[in-house]
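Next, two complexes with chain A in common: one pairs it with chain B, the other with chain C.
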Partner chain A sequence: MTNKLWKLLTSLRLTVVLLAFSIVLVFIGTVAQADEGLYQAQARYFKHWFVNGFTFFGHKVPVPLPGGYLLGTLLLVNLTAAHISRFQWTWKKLGIHLTHLGVILLLVGQLATDLLSRETQMRFAEGETRAWSESGMDYELIFVTDADADNEEVVAIPQKLLAPGAELKHEKLPFTVRVKEFWPNSTRPEFRAPMMQSQGAPLTTNGVGASFNFRPEKVTHAMDDKNVPVAILEIITPGGSPGTWVAPGWVDDEPMSSFLRRVWRQDFGKQLADNMAAKLTRPQTIEASGKRFTFSLRPARTYTPFTVTLLKTTHTTYPGRPDLPKDFRSRVRIQNPAKGEDREVEIFMNNPLRYAGLTFFQYQMVGEEMAAQRGEKPSSVLQVVRNPGWITPYAGCIIVGVGMVIQFMIHLVGFVQKRKTA
Partner chain B sequence: MLLALIPFLLAGCDRPEIRSYRVAKETSSSPVTWAKLPDGWAVTENSRMSVAAFLVGGEGGQTAEITATPLPPLGGRETDIVNMWRQQVGQPALGDDEAAKQLQPVAIGGEEGQLFEISSSPTNSEPTRIVTAMLHRKSASWFFKLSGDPAVVDAQKPAFVEFLKTVRVNDAALAGAAHSMAARAPAPHSAPPPPQNFKWKVPEGWQPAAPGPMQNAKFSVPASGGAAEVSVSIFPSDTGGTLANVNRWRGQIGLGAATESDLASLVTPLTASPGALLVDMANNGRQFIGAIVPRGGQWYFYKLLGEAAAVAPQKEKFVEFVKSEP
Partner chain C sequence: MSKPKNNPAPSAPKERGWRVWVAWFLVLLFAGEIAAALLIPRKDKTFAVSQFATLPLTFNGRVQPMDSLARNSLLQIRGITEVPLEGNGVGGKWGKWEELGGELTERKWYQFDKRPKKLKPSDWLLETMLNQRQADERYIFVINHPDLRGLLKLDAGVEKSGLHFYRFSDLQPRLKELQTEITRVSQLRDESLRTPFDRAVMQLHNAWILFMRLKNTLQPEDSTDFAQELDDYLAGAAAARAEVQARQAKGEQLSDDELEKILAPVRRFAGRYDAMARMETPLVIPPEAHGDHQHNWQRTGDVLIEAPRHGLPETVRTYAALGNAYRAGDAPKFNQLLAGYRATIAEAGLVKELKKGANEEFFNRMLAFKRSMYVYVTAFLLVLLYWANLTEIWRRTAWRLVLLGFAVHTAGLVFRMVLEGRPPVTNLYSSAIFIGWGAVVLGLVLEKFYRDGIGLVVASCVGFLTLIVAHNLAQGGDTMEMMRAVLDTNFWLATHVVVITLGYASTFVAGFLAIVYILRGLFTKTLSEATAKGLARMVYAIACFATLFSFVGTVLGGIWADQSWGRFWGWDPKENGALIIVLWNALVLHARWGGWVRERGLINLAIVGNIVTSWSWFGVNMLGIGLHSYGFMDAAFKWLMAFVISQLVLIALGLLPNRYWASFRNLPPGGGNGAASLATGKPKTA
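The block that comes next holds the complex of A and B.
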């Protein structure tokens, strides 16, 4: 039995079958992106062990497939087992050993990248300083209270824990948060005129819920769209419940609140739009055990032990083509008190900054001209990538290349010597 | 081979959990925050210069407004400030010494500010009382004003003083809003902007005026019998329905709230649009003619308000204006 299993794991047939399935999965997963969206398709087809039915040109096909994780793991096991099984330490096979080692490194490196890498965005206007970057997709519910004169204590609850009915507690919170509703996506907030009992009862009479109507919306997978969640929360203190609040993702998600402001300005004029925006972004607070907590549902943050200040944005286009960007670059200042570091760096297309295990890529920009049109300051967005396994593809490819060259040379030298002998 | 499986085991451990951490305080994006609103205060729309505004009602339907307004630093110009407010309520200007006597110390968010009170002249037809607290800082002077019906202002003064203690002002947040504030501030000598993008026919004699907060158009209506004005506001909803709006309008001419059953006798349907209605109310020599017209998914609120002698002759023109396509 063990022998049979070992034989199977080391067989070339298994390699061929797995590669064939991989080709099918890559094809189906790529086609499915049109229906399911890039992130959803990547997650469902390549980041799962099994795919429970797939979408093919708009049709749902109820056929299970092995997922990317399963195929990758089996390929890795197959390759490693075959290598061990057929391993012979002779110089003549050095090239083959190196090539196998390189392929194993590529597979493991890709797996590590997939599991450990994180992509976030650092978004700031000129003159602003950031010590954090934020997720483009995930949100967190935060409760913030004063710790001392200069610092604040933050309790962050990831979006994944905000399931309807969940009761969330933490030692730093003198209350329980009961999740009454959680909508992964919501429609644009609808303004209710102040001091009015608008059509239908408001979701709550506390905070932002008194001024805006919020409604759930179908989750979107489109690349040019975004899911903006809304949580309806009841706070429960030892003395009872002070009430229910709405925590909308629209408030502290800068691109979304900026989008709302632009749409409202178009629809209602600047004055009313600014007024509505001020009402939407007014901090919501609750008091418990003598402490005041400000709360909001914001894009999940990752903090850095250093600060980045956006000093200057430069956005140039080709002459006569104002729609075609030629170059956009951000001049930033890095300050790291722990290392006594304070320097300026330019980040531009194909010239990322690598610092403290992070890579900062130039991602988006609102240049001076567009900012002036919108009545905003010029701003920039840097893609911040943490990928501990970033070196493995480079190392893997070099090892495979060296292995192939060595193997070729061994054969070439052998061939030439044979001809000389003949 | 086992090493290769470690990432999978790690992935299994990557469960979401509640985190807590301490970070340096962020600069709030809101220029003014407060701990708790006093009972009865409701957030209302900001006026042109204010960054926060509240409304509080009295027992007889009278109201008072509370606003927070940042202005460029005005420290050392206390006499001018006091006289500016005195002028607003028709009181004569004071000299430096007299003006200084008006100022009392008051706590504003842990800092010491100054407070003064002014009442309108007894001959004023609309008695007004203003309590102003000011805090001069390096980059801005902050004004917190409680103004309105004298009885309401007197009743709310203790709550106002308590509120001031919890207020936090954030000058840094003003920097981002500076150009927006500048844009909101009326240009001192510019002509009022004409109503924009409207096709309606404005009745003869109505003069376009600068629309107030939440208004899309405004006209002053010159009349020999007194002053009146017309305003138009457009909202994406009915802002609470007919009863809520009618009661808000009743409050503006000192009438008490009506009930749902009173509505039928108060409103008359208009042929402008299905669901359109007109309301005509008067009290103490003032008249209010209002119209609510649903059009194309929006609600148009028309208001003709002023002294009854000036409003009544304009009713017909007003109704025609309301019916015309905007």
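The block that comes next holds the complex of A and C.
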């Protein structure tokens, strides 16, 4: 029995079957992107063990398929097992060994990347300095209070703990936070104009909830869309409850608040829009045990032990083609007092900065011209990636390439010699 | 394996007599035609159009000659880069369009005695830019959708094999009807909701806009004496300024109304020029002598508006004078002005641009890819002739022709690279040219080894087909478009893109060899056992190359992505397409090593490779998603489907049992082809 299983695991036929299934899966997973969106399709087809029914050119097909993880693992097992059972050290086999070693490296490297890599974004306007980057998807609830004259104390609660009904306590917080509701996505805040009656009761009379209506919205998977969460919180102090508050993700998420400001300016004119924006971003505070706590729901931050300052953005297009970007680049200053480093770097397309285990890529940019139109400062967004396995594809590619060249050269030389002697 | 010389060659009769003459005639004919095209410069009869054709301007983000603008515009408006001025009227009457009435048709293919007068691209552009009223009377707008013709109340126009062409003056009275449809269609959010009629509307819309742009590039289209107009405009502006200054000097406070009144005559001109600039016309005003040449090309309309303050560039006056001379039919004056202008801008430091203009115009005129297409197709027919009667001279002649075609193909490819300053593949169009080039190299190498015509068939046929694909892709307009920032890296274009394209090319070559196997084996008796084995071995060898190239190319693509976005693999459709090719090639090789497929199986799998590759090359772009998508191409979709179906039919044929195969019918059952598996030749390599 085990013998049979071992034989199956090491067989070339299993390889062929697995490759065939992989082709089918990749094909279906690609076509499905048109219907399900890139992220959803990626997750469902390639980052699962099984695919529970698939979409094919808009039609739902209730047939289960092996998922990417399953096929990848089986291919890895098959490859490794075949090598263990048939491994022969001869020069003639060098090419094949190298090729397969490289493939194993690539597969393992991709698995590592999948599990270990983190992508965040660093966004700043010219002249601003950052010691952190933000998540593009996850938020955190923070409470900030003055620790002493110079320092602030920040308590950050990750989004995944904000489940409805949860009661959150922290030693540094003299109160309990009860999550009444948590909406993973919400509609644009609607202004409650003071004179209008027919808008129903506000969510709460505290803070931002008094001036704006918030509503839940279906979670989106589209590539160019974003989920903006809203949390409704009740604060419970030992002495009772000071009330309910709304913590919207719209406030401290720069691209979202700037988007709102633009839309409002268009709809209501500059004066009213700026007024509304001021109301939306006014800090919300609670007092407890004689301390003031400011709180907000903001994109989750990852701090860096160094600072990055955006010095200059450059955004050029081709002459006569304002729609065709030619070059965009950010000149930044890196300051790392611990290492005594202070230098300027230029980051542009295809030329990332690798520093301290992180890689900084030029991602988005609001260039001079567009910034002037919007009445903002030019700004830039860098994609910050931590991927400890980044080197594996480079190594894998070289090893497989060399392996194949050796193998095919052996074939070719043999073939030519045979023809000569025939 | 038999020696090459033991292949059919020895049984061939010794070549002599008329065959030798015909063979050399063919080679010399093509070589002579190509040499003539390269060496004989274009002669101008009256106006020095050839000097106009090479003038540099900036359009679509790059410096290019007038000739390129002319060709690409004609391709988008008319679909064909020539404008015939004569043809057939009612009852077979031949003459100029304006002298004929009723149904008009262009020259039929059998009217060998007729040589209609035609406008070459640059003739047409010159006329469009400087004699707009005349240009309105040319049959250039192609409108084929019957409903659109009905809506615009058009007659049959000038017809050419089912295509109908119209003049601007035919369309102008119907602008309102067209506008309504344009508004409706542009409001459709999703392009995939557009019907064929909607697409015809938008196509005409785009052609219309382009034509308007060209007409307003050098001067406002309705100006009859632009040189005079310029004087009036500048004199008016100077007078207005003088008046304002004079009255201010007197201490008068001018009210807005009074100021407007003084400026009114100038404003009338400025309004016209502003309208020109807003059309986004090509940038024809070269940069001043100093500074960065790429960035300060300007539009005529823009410099006209600025002229009262910053002065008028000499170029505008020169073009105005050229226009007057051209409309007056004064060729000597026109030519003299043009020569003077060329000297002026050369002096001003535009030597590089002038040279680029001349080179690109030469490249356009060379039509390298079209010429190699004709040579390939002739070579292909000769190999068929060789297979039919095994006369070695046809094979050798085909070999020479493929070499000739390849030389021209290569020259075009390299010329393009030099013009662009880029590696060979920068877009879908150039990928087709490069796939063809790679396939021809492989075919020639195979032929060198086997000398049985198979390599030549592959080279000529794949070369021809991919150039046809390229020709059709070129209908979209400028094929040397600038690269957007993320793609602007010669290193990755030279490595990832070139290698992956070679992967496509070799997978196609393997698939094509398989097609040769099936067609020859099934329908002719020429597929001997040795040839069949040889073919299968070629397929195997090429599949190995395909695996190497597609794998390395795909991983390099991943590394590029890692360099520009920080992720090695993003499951983007184009990435997945490439991955599928890698997986497919790996599957073929493993199935063969495992002895799961033998000769015939390998052949059939190789044809599936054609489908897989065409899907990755074109199919994924049609999904309209992801970073690599170039928009939905619907004509291409039909062709892709037709190609896939043809390959499926071939596979079905390949699956037929031996008794249906003309070449294998007489083999003992179980013997010959089936049993002589490749696996015995190269046992379990893995």
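Structure notes:
One rule holds for everything that comes next: the second predicted complex is superposed on the first by the 399 of 422 C-alpha atoms of A that agree within 3 Å, B and C clash if a C-alpha of one lies under 4 Å from a C-alpha of the other, contacts with A are read in each partner's own complex, and residues count from 1 in each chain.
Everything that follows uses one rule, which is that a contact is a pair of C-beta atoms (placed from the backbone, for glycine too) under 8 Å apart; a residue touches a chain by one contact, two chains touch by 3 or more.
If you're wondering where the values come from, they're calculated on a predicted model, not measured in any experiment.
Look at chain A after the overlay: chain B and chain C fit there side by side.
In the superposed model, A:Ala147 makes contact with chain B only, not with chain C.
In the superposed model, A:Ala34 lies in contact with chain C only, and not with chain B. Touch criterion not met for A:Ala201: it reaches neither chain B nor chain C. Judged by the touch definition given at the top, the superposed model places A:Ala338 against neither chain B nor chain C.
Using the contact criterion defined above for the overlaid structures, shared-chain residue A:Gly396 touches chain C, although it does not reach chain B.
Taking every C-alpha atom of chain B against every C-alpha atom of chain C, the smallest gap after superposition is 15 Å. Common to the chain B-facing and chain C-facing surfaces of chain A is no residue whatsoever.
Taken in their complex, chain C has these residues touching chain A: 1-3, 58-62, 280, 282-283, 294-297, 299, 449, 482, 484-486, 488-489, 492, 537, 541, 544-545, 547-548, 551-552, 555-556, 558-560, 562-573, 576-577, 579-580, 583-584, 586-587, 590-591, 593-594, 596, 612, 615, 620, 623-626, 682, 685-686.
Across the interface of their complex, chain A is touched by residues 1, 3-5, 7-8, 10-11, 14, 16-26, 28-30, 33, 35-36, 42-46, 51, 55, 176, 179-180, 183-184, 211, 213-214, 216, 234-241, 244-245, 248 of chain B.
Only residues 69, 73, 76-77, 80-81, 104, 107-108, 111-112, 115-116, 125, 131, 146-147, 150-158, 160-161, 168, 170-172, 190-199, 211, 267-272, 274-275, 278-279, 281-283, 285, 287, 292, 303, 375, 377 of chain A touch chain B when the two sit together in their complex. Those residues of chain A that touch chain C in the complex are listed here as 11-13, 15-16, 19-20, 22-23, 26-27, 29-31, 33-34, 38, 41-42, 46, 96, 106, 110, 113, 117, 119, 317-321, 324-328, 348-352, 359, 361, 363, 383, 385, 387, 390, 393-394, 396-397, 400-401, 404-405, 407-408, 411-412, 415, 418-419, 422.
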